[in-house]
Amino acid sequence: MGCAPSPELLATWNRREAELISTTKLERVVAKPPEPTNVHAGSASEEIKQKVGREGARTVPGRPEHGGNCDIKNLSRGSKTFLPIHVPGAKFSVGDLHFSQGDGEISFCGAIEMAGVITLKLSVMKNGMKDLDMKSPLFLPGPVEPHFGPSRYLTFEGFSVDEKGVQHYLDATVAYRQATLRCIEYLRRYGYSDYQVYLMLSCAPIQGHVGGLVDIPNACMTLGLPMDIFDFDISPLSGTPKKLDMGTCAFASS
Amino acid sequence: MGCAPSPELLATWNRREAELISTTKLERVVAKPPEPTNVHAGSASEEIKQKVGREGARTVPGRPEHGGNCDIKNLSRGSKTFLPIHVPGAKFSVGDLHFSQGDGEISFCGAIEMAGVITLKLSVMKNGMKDLDMKSPLFLPGPVEPHFGPSRYLTFEGFSVDEKGVQHYLDATVAYRQATLRCIEYLRRYGYSDYQVYLMLSCAPIQGHVGGLVDIPNACMTLGLPMDIFDFDISPLSGTPKKLDMGTCAFASS
Amino acid sequence: MGCAPSPELLATWNRREAELISTTKLERVVAKPPEPTNVHAGSASEEIKQKVGREGARTVPGRPEHGGNCDIKNLSRGSKTFLPIHVPGAKFSVGDLHFSQGDGEISFCGAIEMAGVITLKLSVMKNGMKDLDMKSPLFLPGPVEPHFGPSRYLTFEGFSVDEKGVQHYLDATVAYRQATLRCIEYLRRYGYSDYQVYLMLSCAPIQGHVGGLVDIPNACMTLGLPMDIFDFDISPLSGTPKKLDMGTCAFASS
Amino acid sequence: MGCAPSPELLATWNRREAELISTTKLERVVAKPPEPTNVHAGSASEEIKQKVGREGARTVPGRPEHGGNCDIKNLSRGSKTFLPIHVPGAKFSVGDLHFSQGDGEISFCGAIEMAGVITLKLSVMKNGMKDLDMKSPLFLPGPVEPHFGPSRYLTFEGFSVDEKGVQHYLDATVAYRQATLRCIEYLRRYGYSDYQVYLMLSCAPIQGHVGGLVDIPNACMTLGLPMDIFDFDISPLSGTPKKLDMGTCAFASS
């Protein structure tokens, strides 16, 4: 959900993401630059279409200046969103509805995609970006959400020490990854495959919380798994789990 | 809150944190190694005291293997915590009670410290670490917490693009820092100093959530500020704020 | 929602409600006995149809032995209901979906009726009525509901003293009626007609709570009105209300 | 919690409660009129003391015009209460703190009484009773409460048919009593005595809700019992309960 960028903003995005691509030493895809092949540009002229292919922002990822593909769990019924406007007419767009998702979209494509209709009411706050000192979207989430009670979240903790035992400096990303791995190990005992848990965490209303970010060198994050989404009791107090046959609803590739 | 490390675990901590200190290029203190001066070791012998000074873990930070100084907001009345045990007798300790704190302990020392008495019930789960496949603590938070309703959290969003416009790769720490800066800018309009907001965010029951972690290159984090802790209406819908005299309850040093 | 009564249970209902009708001194309709005219009995024989007209239970009201038209606000998505079974095959039926309703169905027909599809999973607990010592339905509400936070309910209080100043003895019905009247008076100041408030309270997610039932002679009930369903601030702290033109979306008859 | 009545208001209370006493046909104490013996009147003159004995309101019950002994579960930390004022100086008083209580104060003296200190901030709303059209107190409950999630309340339902099978007309008091009896029957299966359950329901954070009040002739009320206050699983899904020895922590008198 977001408003279209101005040409200047689009140029900023392309510059800073290109810099990341050119300077990273990670052996993986670190950003999605404009893609000249298979351009979807409706009935635009060939010239425009080529320009879109060379410069157009792709929908992955969300970006601070407009929101975009932000995948925030509770942006649901009754939410209010305050979006910066960069071009005349705003050019608001929205897409990619999820039936259910957890905090973090852990397996990337794991949230349950759905068809749907969104009812939106749009209004303009004149001078709003300046009045709200606004550099990124603001939200007032809606009042309707699944609500399990704080004591029904089995909560895993991760720190910025990775699975090889390497100490990172206040790294919340490593910490949340570790909390996720703790959860996978826990659920493996019931017969779930790692991949099944990845998908479950992407789709279930898990809560990813910031524990402590500043206790050098260990940032701490927690992942809360609602115990009431299971048909059996996963509480640590319920005794040694029996391995169940969880079927093969999802296959792990290599 | 945690149980004492074994000598092997203590050695692991000292090794991995020393490696971070020796390899970091950041010009700041990145970890707190053992500190031979001003050792607090009770009535221990001089030999033990020197050993504590050379090898003993300091209470900052929390660590995955035992929990420790984990500063999780909702570990309050009625919580259950499952802790790994590393030495005979467990040597459980607890400390550093907070009257109130937010997710992330944003200003490091900002949570409101308090004197207090904790009533704990301890029991041992024989073979528990293996049965729970446990490499870090597990929590079941308690049912009592301040509860404002999802729609009363004014929610700021941060992405892994820092304040200089540099793009980072899926960096949740940068993203949460950016969400915090958005909140500071917002509250500055009411007359709060930056430092006052830092302290407020450390002490108020803010919610730091994981938005999306995997939309390359932009990890996304949100910070939810409960609007009902203010004496005046801070909703974006309440019109242009008047700057108030917020006094000098906290001074910013250079 | 309920299972069909046995002939014996149906006879019990008809007997006890007929007794109420014959003994009441209230000058109003106090119960809905079987209605021989305009019988809906599908393709049943004339004989059966006449029997239905003479003995059949009407869907108003709910009854303890089977649930029926119970209009409980939170029996929504994800609920589990445990129903007594009185005849072979159970003959479960369900109907009358509400888009939104408040506790108490204050104006009788005020909840917002809707078309809809319910997905149900039915299973039988053998010997369940005896095992659960069950004389009326049990519920486990679902986790999804509008959730405004306890401090956002403006709460009106009623006691068992009626509007003529007559003292009743521990009468919760009078008390809840009084709480409702207090709410109507409060909202009248904003320009709502009494009838508009009646409808609003029937449709909005208000919370009707039992305060104290046993402080002779004054039972106490409370009605919590979520302030966040209004477009303007109805808090007692927001100053003298301006009367608004609330239109004529509902007319009061004499 | 309340402000003192004016002489006129006190006379109203005494008149209407005396009328109830004189007209009731119930063979029980139905109200607590002024009590001339054992008057507590501090250092007042003998004349005043006798007047208090003849006319003074006793603290049972709460009354609509001032609140008084209202025993509302969530009037706790952070609440705001708006009270009518009847005499110069208001003469506010407060007392009878409860450590924990359920909706309805089911066993009358069952809430857990406690010593305590209340911190109050008082301010005067000039013309407030008229501005708020106020005939009884208003409340904004506080944000801190035990919170178990809607799906963790085992919910019993009662209708206005009493235990002798007599049909009452829209009687919420009978309905809530029936819901309570259903809960007692349910918990009896675990070995609790009826009296133990009465005390438990008075002290535990149960939720008494208004189901439907207007489906003639059956008012409906629900009682929600939080399952997470038990050390064992009381869910209907957890199988036939074992009778436990619940001890004799409370004795039932005849």
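Residue numbering begins at 1 within each chain, and the chains themselves are lettered A, B, C and D in the order written.
Quick note on the criterion: a residue touches a chain if its C-beta (ideal position, glycine included) is under 8 Å from a C-beta of that chain, and two chains touch if they have at least 3 such contacts.
All values reported here derive from a predicted model rather than from experimental measurement.
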{"item": "Matching chain pair for A-D (criterion: over half of the contact pairs shared, by residue number), options B-C, C-D or A-C", "value": "B-C"}
{"item": "Chain pair showing more contacts of the two, A-B and B-D", "value": "A-B"}
{"item": "Computed distance of Cα centres, subunit C from subunit B, in Å", "value": "47"}
{"item": "Centroid distance [mean C-alpha coordinates] between subunit D and subunit B, Å", "value": "41"}
{"item": "Separation of mean Cα positions, subunit B and subunit A [Å, integer]", "value": "22"}
{"item": "Residues of subunit B whose C-beta touches two or more other chains", "value": "78, 143, 145, 147-152, 228"}
{"item": "List of subunit B residues in touch with subunit A within their complex", "value": "12, 16-17, 19-20, 24, 26, 29-32, 60-64, 67, 69-74, 78-80, 82, 103-108, 125, 131-133, 135-143, 145, 149-159, 161, 165-173, 175-176, 178, 182, 185-186, 188-189, 207-222, 224, 235-237, 240"}
{"item": "Subunit A to subunit C touching residues, read off their complex", "value": "78, 143-148, 226, 228"}
{"item": "Subunit A residues within the subunit D interface of the complex", "value": "147-152, 228, 233"}
